[in-house]
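Got some structures for you, see below.
In the two assemblies presented below, subunit A is common to both, partnered first by subunit B and then by subunit C.
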Partner chain A sequence: MGFIATTVDIILNSLVLGGVLLIVSVGLNIIYGLNRVMNLAHGSLYALGAFAGYTIVAVGANYFIALLLAPIVVGVVGLVIERILIRPMRQRHMIYTLILTYGLMFVMDGLLKYFWGVETRFIHLPEFMRQTVSLGPVSYPVFRLVILIGIAAVVAALMLLLGRTRLGINMRAASDIPEMVSSCGINVRGVQISAFVLGCMLAGTAGVLAGPLFTVFPDMGHEMLISSFVVVVIGGLGSLRGAIVAALLVGFVQTLAEFFITDLAMVMVYMLMALILVFKPLGILGEGKFE
Partner chain B sequence: MNSVETQAPGGVIIKTVTGSLTGKLIMLAVFVILAILPFVLPDKFWIRQVNQIMIYALLAMSLDVLLGYTGLLSFMHNAYLGIGAYITGLFLIHVAPESLWLAMAVGAVCTTLIALPVGWVQVRTGGLAFALLTLAFGMMFYTVAWKWYDVTGGDDGLMGLPQPDITLFGLKLASSGDSTAMYMFTLAILVMCFLFTWRVIHSPLGAVLEAIRENEQRAAFVGINVRAYKLIGWMLACGLAGIAGSVYILFRGYTGPGVMGAFEGAGVLMMVLLGGMGTLWGPLIGAAIFIIMKDQLSSFTEDWEIFVGIIVILLVLFLPRGVAGLPDLFRRGKAE
Partner chain C sequence: MIKLENIDTYYGSSHVIQDLSLEVEAGAAVSILGRNGVGKTTTLRSIMGLTPPKDGRVLIGDEEVAGWAPHKIARLGVAYVPAERHIFPALSVEENLKLAEANAEREGAWTLERVYEYFPVLGERRRSGGTKLSGGEQQMLAIGRALMGNPSIMLLDEPSQGLSPILVAKVAQIVSELCKEYGITLLLVEQNFRIALAMAERHYLMGTKSKIQGEVSSQEIIDDQELIKRTLAI
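What follows is the complex of A and B.
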């Protein structure tokens, strides 16, 4: 493979990885921005999305139908979690919510293993996605391109939702001054709940998108959770634009590191994070920029 | 409960509550029982079981310094136990197979030194990011222990560990291979670390840490260098975890990367929660409850993971102060 082909390959791969990270981390940040809850079960929701997608495809449906249905499944689970577990925690110290969702993560991972077993699963893709296409000098798998387009579509939809719809505008306002929004007669609690569900759905979407990329296994959420923490901390807690910048950066560094040193690639990512935090302790774009 | 005024560094007067008499009495009773136990217990299995509990009790206590007194959350405190164990083990294998105390000192000091830059980065961020970073850095150490095959032995772990003699001022007391001797050694270390930590927590330094836990902003306003003290708390906790690690590897004669995993970390967190954070003696009892419960549960179910999670959730929801909060619960009839 020539130099240009390798470069194109690396760029595309880092965009795909960065894109998946982006969707997961933005979901995490939307939940945090409105609920002040850092959901440690987010990685498990991502894994749940992937498994739901796997089952929907295994039952006989098309991959694209799974892409629509699985996030809804995860969203419903998210709603149940919010109603039962997060609601009593709203008045308590943040540390308790962290520990609670950490416990939830183990419950969910255990349940995934219980229902689906520990073996690795492969999402069955439609025929055309299993081929490769030549882009100039490099031949690239079609499914990766489709996933890339899917990621772009999700990000565009999210921007439309936050920028153009009433719910999105309420969300952005409530992340800033919930009391003010509440005194305008808007049901802030409702907005917070929908933000929680939206964040969970994003995790589920990322799971279905990432399923064909990294295969599906019960602990797939762990690595993604840690990576999305790195993204969230680098970008600034609760900052959506920060998460986007940081996700692409982490995706790029990780892909590069995996290409050159393979085994200890994640260590490079942690080093990058440490380096950024030395100069920008609150992240690249600072904390809480919900826009 | 009696309260005294202490002079904190920086000339700040802070009111602090010294340890309650009940706590002291409970601790004294626990340590006496522990000292008698190896002569009463029927066989070696139980001696080793209690020995393991004491090592984890030390780890849980060190996490309590961070969680209960400084108000900082570390998800993977076991990573520092792992680091202490690996360094002690490597020192015993490659440098000096006979010197137990030196190996332990090297283990504890190196763990603290490794924790220094990590802590320095962590305290620069806020409280929440601190917690997330402990998970990220913990996973990093886990990955290194798992993948750096040439040094750590990768998946196989560190093997072929010599069993140095337990000595005191040059006098040979016993071999660390003997389970009763190892038990007494662990107990001695635990008691020493407990008294040391108790002293630190009830010193002006401890008062400053508690002030930071209660209100970081106000602590900063009265002239406390919040970041520096958080870092001190962090390093104290990690150093103690390192000591726990060096006892751990002497006790097990082996260590693998598994001990540094995220799931083990949750276990340590749960020991603190079970016992009650901010009490110092609570986590010791929490460790005992946790390890016995884990053994019982894992003998009849494979999905131990689910149960750990459920118990953590129930604890946070209904018993946030753990076993230590039970007396208050009965006295006042409510949780908080």
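What follows is the complex of A and C.
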């Protein structure tokens, strides 16, 4: 491959990886921002999304149907988690939900293995997505481009939701001063629950999007959870703009490192995180809210 | 109408409000005067449901609201303007106002346009971030946001905090006029008796542990300048 071809390839792969990371970590961020719950089961919800997508396709539906349905499945599971596990802990210190969701992660991973087994699964894609397309000097898999477009659509929808809708306004307000939101006549608990479900749906969406890229297996959420923590730390907890910059940055660093020094790729990512923690503790844009 | 009957409110483990009773009749403007830390803010928070009283009754009109969620109390037509303003930093000026509009289920005429008529500066800066405004503008935004809920009762906590005397006078005048014009019941909490005089006609003098030391009219304060000093040591 020539230099230009390699460059285009690296850029596209970075965007795909960064995009998946972005959707997962924005979900984590929204859940934390509104509920002050650091959801350690987030990676497992991501895996659940991938498995739900796999199963929906396996029973005969189109991949795009799975892309719509799997997040809803994960959202319903998220609602059940909130109602049964998070609700009783709301008045307590964050450490309770931290440990609770840590346990939930193992329970969910166990259930994934129980229902789907430990072997790696492949989501069956429509014929056209299995082709490659020539982009100038590069021949690139169509499914990666479709996923890139899917990621862009999700991010655009999310920005519209947060920026333009009533729920988005309520969420942005309640992430800073929930008490004042309720004083304005809004059921702030409802806003918090919606944010929890939305965050879970984003994890699920990322899972179906990532399934064809990284394959589907029960522990797929672990690495993604750690990587999304890295994104959240670099971007600053609670900062959407920071998360976008950080996800792309991590995507690029990891992709570049994988290309040049494969074995040290994740090492580079963590060194980047360590540098940011030391020099920009509130995230790369300085917008983080640690409490 | 607001009526508190023997309420007890705790902030954490400290018993801030002890056996407090007071009443504000519909359409009246009443202040609670007292030093820092006597429980003035907690009184308003008890009414709003933000720190619900452990004991006693809170009446808003005919409803007994002690223990209700704050948003349900707000929907009865109670608006709260905290001393810190609590402007939402992630929202623009206009979004700060819109947020309060949506969930006002009562019939009423407050719209963005009308708030901008009263506070033109908010209209000019409608796209700015809420907390990018100056202190005085933020106070106006907090009041405008309260109006967007079409309140019949306004709870106003120390409007003078952090504002210059000229701005305070202006804010006091606007709020008083608004409340009179629209029949909004005003319960004001202040340390500064001049502002209380400018905005309210009747005053509760509150001492430590929320103990009501007296109830006086504006005229009585004007006639006896030492009254406030004697009772409250302000």
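One rule holds for everything that comes next: the second predicted complex is superposed on the first by the 286 of 291 C-alpha atoms of A that agree within 3 Å, B and C clash if a C-alpha of one lies under 4 Å from a C-alpha of the other, contacts with A are read in each partner's own complex, and residues count from 1 in each chain.
Throughout what follows, a residue touches a chain if its C-beta (ideal position, glycine included) is under 8 Å from a C-beta of that chain, and two chains touch if they have at least 3 such contacts.
From a predicted model like this one, the values you see are computed outputs, not experimental measurements.
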Taking subunit A as the common reference for superposition, should the pair subunit B and subunit C be classed as clashing or as fitting? fit
Touching A:60 in the superposition: subunit B (first), subunit C (second), both, neither? neither
Can you report the vertex angle at subunit A, computed from the C-alpha centres of the three chains with subunit B and subunit C as the arms, to the nearest 10 degrees? 90
In the overlaid three-chain picture, which partner chain does A:237 touch, first (subunit B) or second (subunit C), both, or neither? first
Chain touching more of subunit A, residue-wise (subunit B, subunit C): B
Would you check which partner chain A:2 touches, where first means subunit B only, second means subunit C only, and both and neither mean what they say? neither
After superposition on the shared chain, which partner residues are touched by A:183: those of subunit B (first), subunit C (second), both, or neither? second
Report for A:96: first if it touches subunit B alone, second if subunit C alone, otherwise both or neither. first
Based on the superposed arrangement, let me know which partner A:136 touches: subunit B (first), subunit C (second), both, or neither? neither
For A:281, decide between first (touching subunit B), second (touching subunit C), both and neither. first
In the superposition on the shared chain, how near does any CA atom of subunit B get to one of subunit C? Answer in angstrom. 15
Once bound in the complex, which stretches of subunit C touch subunit A? 48, 50, 69-71, 74-75, 79-80, 82, 86, 88-91, 95-96, 98-100, 102-105, 145, 149
Tell me, which parts of subunit A touch subunit C in their complex? 166, 169-170, 172-173, 175-177, 179-189
Okay, in this complex, where on subunit B does subunit A touch? 67, 71, 73, 75, 117, 121, 124-129, 131-133, 135-137, 139-140, 143-144, 147-148, 262-263, 266, 269, 273, 303, 305-306, 308-313, 316-317, 320
Subunit A to subunit B touching residues, read off their complex: 38, 85, 88-89, 92, 94-96, 98-100, 102-111, 113-114, 222, 226, 229-230, 232-233, 237, 263-264, 266-267, 270, 273-274, 277-278, 281-282, 287
